[in-house]
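Below, each structure is written out as structure tokens.
Both of the next two complexes hold chain A, though its partner changes from chain B to chain C.
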Partner chain A sequence: MADLQKLYDAILNGNFKAAREVTQQALSEGIDPSALVHDTMIPAMNEVGRRYEANEYFVPELLIAARAMKASLELIRPLLAEKGTEPVGRVVIGTVQGDLHDIGKNLVAAMLEGAGFEVVDLGVDVSPEKFVAAAREKNASIVALSALLTTTMHAMKAVVENLNTAGLHGKVKIIIGGAPVTQKYADEIGADGYSSNANAAVALARKLLAA
Partner chain B sequence: MHPLIEKLLSASPVVTDGALGTQLQALGLPPGEHPDLWNLSHPERVEQVAAAYVAAGSRIILTNTFRSNRIALAGHGGAERVTELNAAGVRLARRAAGTAALVFASMGSSGKMLMSGDVTEEELAIAFGEQAGALAQAGVDAIAIETMTDLDETLIALKASKKTGLPVVVSMVFDSGKEKDRTMMGKTPEQVAAALTEAGADVIGANCGLGIEGYIPVCRRLKQSTPLPIWIKPNAGLPAMVDGHITYRTTAGEFAARVPALRGAGADFIGGCCGTTPEFIRSIVAALSKAS
Partner chain C sequence: MARRSNNKTNHPPAVTPRERWLALFAGERTDRIPTDYWATDEVTRRLFRDLGCTTIEELYSALHIDGIIPVEPPRTLAHFPGDPQADLWGLRRTSIDYGGGVYEEFANHPLAHMTCIEELDGYAWPSADDHDYEAYRAMLSQVPAHRLVRSCSFEPYLLYCALRGLELAMMDLIAEPEFAMAALKRIFDYHYDLAERTFAIGKGRVDVTYVAEDLGGQTALLMSLPQIRKFFLPNQKKMADLARSFGIHVFYHTDGAVRNVIPDLLNVTGIELLNPIQWRCPGMDREGLVRDFGSKVIFHGAMDNQQTLPFGSAADVHQEVLDNIEIFRSARWVCAPCHNLQPVTSTEKIVTMYDTIHKYGIQ
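Let's look at the complex of A and B:
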């Protein structure tokens, strides 16, 4: 029997090899892939998030845990797709026009993937038009915008406006983040949510989709 | 201690400069434009900012070369312009400094993360070695590696910079964790001080971050963990949006009022980062002369 506690620990400690091994074994024994995700893997990522919030984990621990989660999910996804199980949600993510910073954006993408979201990463310096096109094409439930610079955060407003004009906002929730960004700014430009870090972004995305 | 640092500290504390980036924005640097490219396109404005700091009493000014490594320049078609941009940055700072101030070369991060595999150690070593070499060739007095968030990347930059034989200042950002006293990757001031001292830095410190208040305890902890001099350049608080404009909320007076406490916590080099201006430097100089 596959040791599911070992899978939980592997994700918590960021051991992607062990995560993959136990997942492989569990699947070959015929365990329900959806149960594996919901009963073991997501709780492990939740514990990672709790430790991050409690100051016990930092960015490196988040990253390696998300990597282990991803390694495991890569084995499970095809099976879920076969069964017609939809991902938790589809996120189109990118750093806004004029801004080439990708560390924060990559962290959020990794954490969202780790939480079971399907993530479409548009990269850096993404125009408002490109965000709209991707949101429509991918049937996204969330558009996530990143900016590191005080000088480029204004581009977020343009993305919100373009999504409004395209009639997509509402169907698509917009979340924003990055060093100079605040909740107040999110409110000002009409974004649906703001998160100060990659872990809280996952909770925010879940909350918005549940609403 | 490096003779140059020793000489500087014979009249301690040493007031350094304030922000370059936010000052260049005030002079019209557009959103998203790489500030270092202005060394070639708008040299007079870069020199104007540097000269204002010298006039305000900075004994050290930094070059406008923070992101002039080939990795950070890659998106700006500038990888092959590393030598040219760094040389121009040094030339402008030197002209502004004259004999009144020393010129320290600013080096910053690659903007890529080592542990997620976006960049390799070898690529970083090459990029930092190339930039440090170009800066040394152009004739700077020292190198200041600043605004670093990842200790591993920082150690690679330090090693590459030390090969020039110049004194090297290494300054990291402490703004994470519950107490806002850790680097982005979770290192404490004690861990950072131990690693950088061991690796041969000449001066260590903290810059950018959340503002001067939080850097007083960080400064004290760095000081207690190393025999090296301490370099502190905080932001003017966190930026806020006021009437659609980005504003830093700490005033020069408020900042300067905390400078004696920073000095008391062991800061040997004091200046400012994002949002600080020549007025801040004048206020720091005044606050320190009053306190002594």
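Let's look at the complex of A and C:
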């Protein structure tokens, strides 16, 4: 019988091969994929996030944990889709126009996925129009914007304005983050929230959906 | 913006910028707080236009900047073997236009596909032979005597991240440590050889060398202290020791919230100057840094380049200079922006920064 503690440990320690093996075994034994996500994987990623907040984990640890979590999710996702299991929420995420930096965005995406969100990653250098189209098409509950540079962060304002114009803002919450970004800036452009790191972004997304 | 006198016809000041820097490194009280300049090419071109300057020396004179002159041995290879688009490391770049300017990003990661150390042996690593040291000697002789000279830059993990791809390079520190170490050694070997030859020629004229690694993010270290101690510090120490053996000072750059690694940088690497002091980051409050490290290191930067300079007013910039003068009064500080000035920062604010430190930075 699959030892789910091993899956938990594999994610926590970033062992993607072990994560995949235990997941495969668990699924072949008929363990409910949804339970696997909620009872093992999300708690493991929560612990990864806690360790990151506590300065026990750093970016390399986050990345390998996310890789292990994704290896497991790849096996589970088709089964969840088959059963019509709804995610915690749908997030459209991307780095704004003119900005090609993506490690922060990728970490947020991975932590959100690890928390049970469905994440649609639009990549980097994403135009406001693309954000709006994806938010509409995917029926997103959250749009998450990333920027690294003081020279590109103002593209976030255009995305907020376009979502307003499209009548989507409100139904869709907008969260922003990135090195030069602040809560003050989020307030200025009318975003619904700001997060200073990937783990806090998960808490922010949960809070906004619960509101 | 009015054109400014750039002192082209004036005599050099009684204390030259180089003498000011060297006094600072010697731990002496300087006549005034030194200044330095970091900016994108777009900003420099705009300042030339707005201030009526045609050379960097004129700009430095106009704004009273104690700027450092970088001099490096030119490369003799035009490109990576077999790839006219790539630099000597095999890296290609692409220009990204963000509307107000352009920046470059790496367009390929030539080590990304590698899975074992043996593959590293097959890579065409650059050699210190691929530089023109006689040309370097001639370039050094052209630098005005009143300017500090910087030669050689050592930032191996940044290069490794470019060669491998950022995420893979980060994961390698845990998942593929032997591979990462082997690649970093090859990068180090090139830089050490290059620096040894360069310093031998520049001894007595080269004043500082640049050692760097971005160890901090916006809120914390990017990687753990044990990882930093294992992968980065030993080679940094060797580079710093080499520089010191030629009487060359060590300028150290790391962005971000790096409070927890400063003791190691001081005690292991042996840095003398820390740049850029992003004081809004957690743990980087200026008073705490002065209290804990003020007697051991020169603080370089501390003019906030994420909020004050780009988005504050000229009055905010003026006030931040005055605040820094006060906070760093018992320490050694070089007034400079935290990293490159960007086009979003107006000429007015840049001039305000340098005018304010010139007016109030007399000690």
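Basically, the second predicted complex is superposed on the first by the 211 of 211 C-alpha atoms of A that agree within 3 Å, B and C clash if a C-alpha of one lies under 4 Å from a C-alpha of the other, contacts with A are read in each partner's own complex, and residues count from 1 in each chain.
To be clear about the criterion, a residue touches a chain if its C-beta (ideal position, glycine included) is under 8 Å from a C-beta of that chain, and two chains touch if they have at least 3 such contacts.
Please read these numbers as outputs of a predicted model, since none were measured by experiment.
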Overlay on chain A: chain C relative to chain B, clash or fit: clash
Contacts of A:6 with chain B and chain C, given as first, second, both or neither: neither
Which of chain B and chain C A:196 touches, first, second, both or neither: second
First (chain B), second (chain C), both or neither touched by A:14: second
Partner chain in contact with A:151 - chain B first, chain C second, else both or neither: both
First (chain B), second (chain C), both or neither touched by A:106: both
Partner chain in contact with A:70 - chain B first, chain C second, else both or neither: neither
Which of chain B and chain C A:136 touches, first, second, both or neither: neither
First (chain B), second (chain C), both or neither touched by A:51: neither
Chain B and chain C contact sites that coincide on chain A, given as residue numbers: 55, 58-61, 63-64, 97-100, 103, 106, 125, 149-152, 180, 182
Residues on chain B engaged by chain A in the complex (per definition of touch): 22, 25, 29-32, 75-76, 111-113, 115-116, 118, 176-179, 182, 184-186, 239-241, 246
Of all residues in chain A, those that touch chain C in their complex: 14, 55, 58-61, 63-64, 67, 97-100, 103, 106, 125, 149-152, 179-180, 182, 196-197
Chain C to chain A touching residues, read off their complex: 96-101, 103, 105, 166-167, 170-171, 173-175, 217-224, 227, 305-307, 310-311, 342-344
Chain A residues touching chain B - in the complex, by the definition given at the top: 54-55, 57-61, 63-64, 97-103, 106, 110, 124-125, 149-152, 154-155, 180, 182, 184-185, 188
